[in-house]
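The same chain A turns up in both complexes below, where it pairs with chain B and then with chain C.
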Partner chain A sequence: METTEVHTRVKAVIARVLKMEAGQIKDDANFIFDLGADSMQSLELVAAFEEEFGIEMDEDKALEVQTVSDAVDFIAGYLMD
Partner chain B sequence: MLLRNLCSDEITQLENQGCWAEAWETVRVVDHFNPHRIQRVRFYGAVELGDFSADIEVEAGVRRACGIYDSTIQDCRIADNVRIADVGELVRYTIETGAVLQKVDSLIVVGDSTFGNGIEIDVLNEGGGRTMRIFDRLSAQLAYCLVHYRHDSEMVACIEAMITDYCLERQSSRGVIGSSARIERCGVLRNVRVGPFAEIRGAVELANGTLASVEADPVRIGSGVIARDFIVQSGSHISDGVMLTHTFVGQGVRLGKQFSAEHSAFFANCEGYHGEALSVLAGPYTVTHHKSTLLIAAQFSFFNAGSNSNQSNHMYKLGPLHQGILERGAKTGSGSYLLWPCRVGAFTAVIGKHAANFDASELPFSYIDVQDGKTFITPAMNLFTVGTKRDSSKWPQRDRRKDAEKHDRIHFDLFNPYIMGRVLRGIDLLDQLVQNTPREHEIVKVKGLHIKRLLLKTCRKYYEIAVQVAIGQALAVKLEAAPHDSWRAVRDELAIETGSNLEEWIDICGLLAPQSRMQELLVALRSGEITDLEKLDDRFADLYRAYDNSNWSWIVALIEKRLGISWNGMENEQVKQLIQQWRDQAIKLNKMILMDAEKEFDVNSRIGYGVDGNRETIDADFTAVRGTFAENSFVWQLKKENTEIAARADALLERLKNLSP
Partner chain C sequence: MTDRLLQNLENLQKIFYPQSLAVIGANKVKGTVPHDILDNILKADFQGVVYPVSPRETFISSIKTYKYVVDIEDPVDLAILVFPSSVCHMALEQCGEKGIQAAIIISAGFKEVGENGLARERQLVEIAKRYGMSFIGPNCLGVINTDPRCNLDASFARQMPEAGPIGFLSQSGALCTAVLDYAQAKHIGFSKFVSFGNKADINEIDLLYYLRDDPQTEVILIYLEEITDGPALIRAARDVIEGSGKPILALKSGRTAEGASAAASHTGSLAGSDEICEAAFKQAGIIRCADIEEMFNNAIALTYQPLPQNDRIAIITNAGGPGVLTTDSAIHEGLRLAQFSPETSALLRKSLPKTANTKNPVDVIGDARADRYNLAVSSALKDEGVDGVLVILTPQSMTDIDTIAREVCQVSSQFDKPIYASFMGEADVASGIDILQRNRIPHYILPESMCRAFAVAYRFAQSRDRRRAPIANLQVDSKKATVILEKAVAAGHKILHEHEAVRVLELYGLPTLPGALATSTPEAVAHADRIGYPVVLKIMSDQILHKYDIGGVHLNLHTDREVESAYGDILTAARTHAPEADIHGVWVTRMVEPGQEVILGLKRDRAFGPVVLFGLGGLYVEVFKDVVFRVAPLFESDPEEMIREIRSYPILAGARGRESLDIVCIKECICRLAQLATEQPLVQELDINPLIVHNQGCFVTDAKILL
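The block that comes next holds the complex of A and B.
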C-alpha cells in the first residue's frame, strides 16, 4: 500500500474516532495535546487502525505513538512487514 | 484482692476529708489501704478499694497522685494505683490497675448489658433481610457469611446460636475499665466496656458498646464523639465529632472529621472522614475522605470514594431495598453516582453519573464512564493505569494493625485466581461479542453496559496479557523454589498431589479461597462439626493459610487447560515458553503503566504551575514541586521491577535449558 493511501486512511480513522473533520488534522498534530484524545480514545484509535488496516499492533509500542505522522510511519511499517 | 473492712480511725479520717458513705461497712479495702488519698468522695453500695500509694502519669510529663477525689462511687471494684477525679457518677464498674478517670460526667452500667455485643445492624439492604449481629471478635469473613448467605438459613441459624452463646458470656451487670485505660473530659458513658490502654478524651456520649482495646494497639476515642450501640476493635481511632449508631468498627480503622455512620460495619484499615455511611459493609481498606460523599446500601473493599460520590437504593417504589457491590479495588470518581442495584467489577474505576443498573463483575480492571447519558465500559483499561499498580502495592504496607490477633484475614495478590477467573470469563464474553456483532454495529450492549465494538478485540488482548503474567509469575516463584538438576524432578515437585482445579474462587471480604473450600466450611457449620466461634475462626485461618497451595493448583489447572496437556506430561520446552511469555508480557505491561505515569509529567499536567512566568518558569516550578519523571520513586521502582523480571526470567530460562530430562 502506498504511503499516501496510508496517510489518507489514517486521517480518516482519526476523524471518525475523534469526531472531527479530516481536513483539520495536521501531520504534526499530537494526539493528546492537539487533537484532545483521552486515554480511552487512544485505545479506540489503536483498535480502529488495526481494523482499518487488518493488522495487529504491539500494544505498548502503539501507545507510544504521539503524532499523526508517527502513526502513518508506524502503520506503514506493519504493512511492509 | 484480699479485703478487709475499714477501721474506725480510717472512717473518721475519710469523713474529715469530706467523704461520705451510705454504709461504711460495705466499703472494703486492701490490707495496706491508705485513706489519705480518698477525698470528697461519696460511696454507695458495695465498694472495694485498692492501694493508691503510687503516682501516675496523666499526660506526657504530668504526674498526679493516685486515689479518688471529688467523685461519687457505687458498687465498684477499684484496683491498685488508679486515679479517679471529678467523676460525677461511677456505677457498677471494675476499674483495673493503672486506669485514670478524670472529669467524667457519668460512667454507669444500667441493668444487665452485653456492651454492644449482639446488636443487630442492617447492612447492604437498608430495609433489613441481611441483618447481622455484631460482637467484639467479629471478622470480615464471618460478616460475609452472615450477610451474603441468608438463603442458607440452616447455616445462618448455627452461626446465630454461636453468637448468642458468646453474647451471653459477655453479659454482665458490671462493666470493666481495663488496666491503664484513660477516660478524661467526657460526658455520659453508659453500658460501655473499655479494654486495656484505651484512651477516651472528650467524648460526648458513648452508650452500649465495647472498646476492645489491647496494650499493643489501643483504641482511641477523641473529642465530640457520639456512639450508640457499637463495637470498636483494637487499634482504631475515632475522633472529632464522629457520630456512630448501630455500627461495627474493626481493627486499625480511622474515623474522624464529623463522619457519621449508621447500620454499618467497617473492617480492617478502613478510613472515614467528613462523609456519611448507611447500611454499608465496608470490607478491608474501604476509604472515604470527603464531604458530600454518601456510601449507602453497598459492599466495598479496597475502595476509594471520590468526593461527592453518591448512590441511590430506591426509586420511590417498595422502599430502600436495592443494594450495590463494588468488588475489591474499585474506585468512584468525583461526583459519581450509581443507581442500585448494580455491581462493579474488581479494580474498576467509575466516572460520572449512571442512571442504569448494570453488572460489570465479569469485566474487571475496567473504566466505566458516561457518554451521551449512557453507561460505557472500556474493559481491561485499568490493567495498565498507574493507580492500579500503585494501590495494589500500597495496601500491604498500610496494614496498621498491631494486635497479635488479627480478626480479618486479607490476601493482597493482584493477579489472584478470583480476579483472574473473572478475567477468563471476560475473555469469553468479549470473544462471544466479537463473533456475534456485525461490523456495522458501533456499539454492543451487555448487562446494562455499552461497549464500543472496536474495543472488543483490543480489550481482549489486554486481558490476555494479564493471564500470561499471572501464569508466569506464579510459575517463576515455584521454579525458583525447586532447584533440581532434572526436568522430571522439577515437574514432580511442582505437581499437585490432589489434582489441579480450575474452579471458581470467591473473595470472602478480603480472604480469597476456592468456592468449594467455602462450601466445605458451610457444610461443617450445618453438620455441627463447628460448634463455636473460635473453631469457626480457626477454619477461616485454615483457608487463609491454604492460599499458596490452592493458588498453585489453580494456576496448574489453567496451564493444563491452555496447553491441552496434563502437568505430568508437561515438557521443559513448554514451560520455557511460559517463562518467556511472562518476561515479555510483564515487562510490556509495566511499560504501559510507565506510559500512563508519564502523563502525570506532560504539558497538560503543568497547567497552573509557574503562574507568573513563561514556559521556562512553568517547567522549573513543576520540577521543583513534582520532581522529574525519571526521578519519581514509583517510576524508579517500576523500572527496577522490569530489570528484576528480566533477570529472573533469563536465569530461569538458562537453568531450564541446562536441565537433564
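The block that comes next holds the complex of A and C.
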C-alpha cells in the first residue's frame, strides 16, 4: 500500500473517531495536545486503525505514538511486515 | 537566600494570589480531574479571571475556551496543568512562551512511575528554569487559598475548607483529602492548603518561607515522606520560628528502622534515619507529631488560644474521677498543678457548695450548672499563680451542656490566658463541643490529649524566642588530619588504622592517650618505659576488628616483664585466631583509671549530612541504647542539651551524692567532634567508645574511623 494512501486513511480514521474534519488535521498534530484525544479515544483510535488496516498492533507501543505522522509511519511499518 | 528561592517566593505569590489563571487540559466530563478542578475554581468564587484551555472544546461551563494557552489575548498569572504527563512539557513550554511564571502541575505519571517518568519530570524542570518559571507538583492534589481576596480552590478535593489560621503542606495528595474531611468535622480552618507532590521544583523549603510571611497563617503543618535537603530544612524552620514565631508541626512517615543492622560501627547501627530525623526536627524547633489527630490537637492549642506563659494549670471538673485522670496526665506531661492564692481559695470556698472540692483540681460537683463553671473558671484565670485552665465536663442529667460551653467561650474572651476543654462522651456532648470548636476553644475527647497539647504549647512558648547561634570553630589542625585520611583512602583502606584514627582525633584536640606502635618485644618495652606504667597493649591489624574477643588486648600492665609476656601472648593469639591476618604490630598506650564510659560518634546521613552521637558507652551502648543525636554543625546549646537528654544524665551529674563527672570536658569533645564531622567529609563513620570520663578530665581509649 502506498504511503499516501495510508496517510489519507489514517486521517480519515482520526476524523471519524475524534469527530472532526479531516482537513483540520495537520501531520505534526499531537493526538492529545492538539487534537484533544482523551485516554478512551486513544484506545478507540488504536482499535479503529487495526480494523481499518487489518493489522494487530502492540497496544503499549501504539499508545506511545504521539503525532499523526508518527502514526502513519507506525502503521506503514506493520503493513510492510 | 538563593536566587532560585527568591524567584520561587515571588512566583508563589502568583500561585496563591493570581489575577488570572488558565486551566490547561480542561474538559466537560464530570468526575474527571480536568473537569473537577475547573469546577472547584468556579464554585469557590475565584476573585480573578479564568481561562479554560482545551484542544477541542469551544466552551466549558459557559466560559469561552481556548485551544492553546498562547491564544489567550490577556496576560495570565497562573497555569494549572491537567494534561496527561506525556504532553505536559508541551503545555509548559507554551506557558513559558506566553510569559506565565507560575504553574501547578496536577498530572501524575512522572518520577513516581519510574525512569521514563523521571525523564519527563526533568524536562519540566528544564523548561521552567529556561523561562524563569516556578511550579508546584507534578503529581499533586493542588492548591487552596481561603483568603476571601482570592478564594482559590485549584484542587480536586471534595470541598473547600473553612478559612482559618493553619497553613497545611503535604507531600501526599491522598492525605490532603483525608485531612480536609477531618478538619471540616471539627470546624478547623486553613489559610493555605498545598499538596506539593513530587516537589520537582517548589519544595517544602520554599513553602515554609512563603508561609512565614503570610499574614493569614499562624501555624504551619507539614506532612513529609522524604527529605531531600535536611540542612536547608533545619535552616528554614529556624528562620520561620525565629522570624515569625509561627510553630511548625510535622508528620514524617518512615518511623521504622532501615538498614541499621548492616552498619559497621555502633554509631551506624544506632543512628537510623528516623532517629536522625527526630534529632534534626528537635534542633530545628519543629514539633514532630505521631499522627494526624495529634498534629491537629497541637495546632488548635497553638493557634486558638494564647500560649501559656508558664506550666501551672488549674483543672475545673464536675466529676472527681476525670479530675484525677487529668491531674495524672498533666504531671506526666511535665506540667504543675497551680497553687491558688488565699483570695481565690476563699472565693471558691464561699461560692461553691460545701461538698465541692475547692482545691486544685476543683470539683464543682455533678449538679453544676453554667454559673458554677463560670465562677470557678473566672476565679482561676484571675489568679496570678494560674497559667491556664483545663475544663472537664461529664454529661449528667442536670448538666446544661450547651450553656456551659457558651459560658466557657464567654469567659475565655475576657482573659489573656489559655482555656482548653474536654467534654467527655460523644452523643450528648456533641452540640456543646460544636459550640466550643466554633469559638476557638481547643477541645479534646480525652483529657490526656488535652494535657499533652497544653504541654506542647507551653514548651513551644518557652523555646520560641530563644535564638540559637552556631558553635564557633575551635583551633584544630585540620590540614594534617586531611592528609592522613586522604592517604588512607588512596591506599584503598575502608577503616583507618587505630593509631592513625587516634592521631586524627589528637589533631582535632580530643583527649587521646600517648601511644606508639611496637613491632618487637624490646620496642614495646621501650615504648612502655617512655609512656609510663601502667600500660595497655593492643593488636593492630585491619583484619582483626574485635580485638578483645581473640585476646588481642592486654590491660593494666605494670612491668617490663608483663609487657614482654603480653606482647608474645597477643601475637600468638592473633596467629591462632586469624592466621591470615596482616599484623602491623602492637599498639602500646597508657592505661587510665576506670571511670564512666560514654560514647561519641558520627555518621553521614543521606538527607541531613553529618550527624553527631553521644550516649552511655562501653559494653552497655547496644543494650540500653541511651544515646542522642544532633546534626552538625551544632548550635551553641546543643552539647549541653545532648548531655542532659540521655536517661543516664544523673549518673554523669553525680547521682546519690557522688561527685559530678567532668561535663565541661565532654561538651568540648562533642564540639570538636562536630567540627571534625563538618570539616572531614572523608570520614563516613566514627566511634569513640569508650570515652572514659573522670571527675576531672576525660580520655579517648578506643577509636574507630570508617572511610
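Operating definition for what follows: the second predicted complex is superposed on the first by the 81 of 81 C-alpha atoms of A that agree within 3 Å, B and C clash if a C-alpha of one lies under 4 Å from a C-alpha of the other, contacts with A are read in each partner's own complex, and residues count from 1 in each chain.
Here is the rule we use: a contact is a pair of C-beta atoms (placed from the backbone, for glycine too) under 8 Å apart; a residue touches a chain by one contact, two chains touch by 3 or more.
These figures come from a predicted structure and were not determined experimentally.
Asks: If we overlay the two complexes on their shared chain A, which of chain B and chain C does A:D73 touch? Say first, second, both or neither.
Replies: In the superposition, A:D73 contacts neither chain B nor chain C.
Asks: Looking at A:E51 after the superposition, I want to know if it touches chain B, chain C, both of them or none. Which is it: first, second, both, neither?
Replies: Once the two structures are laid over each other on A, A:E51 reaches chain B alone.
Asks: Between chain B (first) and chain C (second), which, if any, makes contact with A:L18: first, second, both or neither?
Replies: second
Asks: Return first, second, both or neither, reflecting whether A:F33 touches chain B, chain C, both chains, or no partner chain.
Replies: both
Asks: Does chain A have more residues touched by chain B or by chain C?
Replies: Tallying touched residues of chain A, the top partner is B.
Asks: From the superposed pair, tell me which chain A residues show up as contacts to chain B and also as contacts to chain C.
Replies: 32-33, 39
Asks: State the interface residues of chain C toward chain A in the complex, per the touch definition above.
Replies: For this pair, the touching residues of chain C are 27, 29, 54-57, 83-84, 86-87, 90-91.
Asks: Help me check something: in the complex, which residues belonging to chain B touch chain A?
Replies: Touching chain A from chain B are residues 367, 369, 378, 381, 385, 452, 454-455, 457-459, 461-462, 465, 588, 591-592, 595-596, 599, 602-604.
Asks: Quick one: in the complex, what on chain A touches chain B?
Replies: That would be residues 32-33, 39-40, 43-44, 46-48, 50-51, 58-60, 63-64 of chain A.
Asks: Flag every residue of chain A that touches chain C in the complex, lowest number first.
Replies: It is residues 18, 20, 30, 32-36, 38-39, 66 of chain A that touch chain C.
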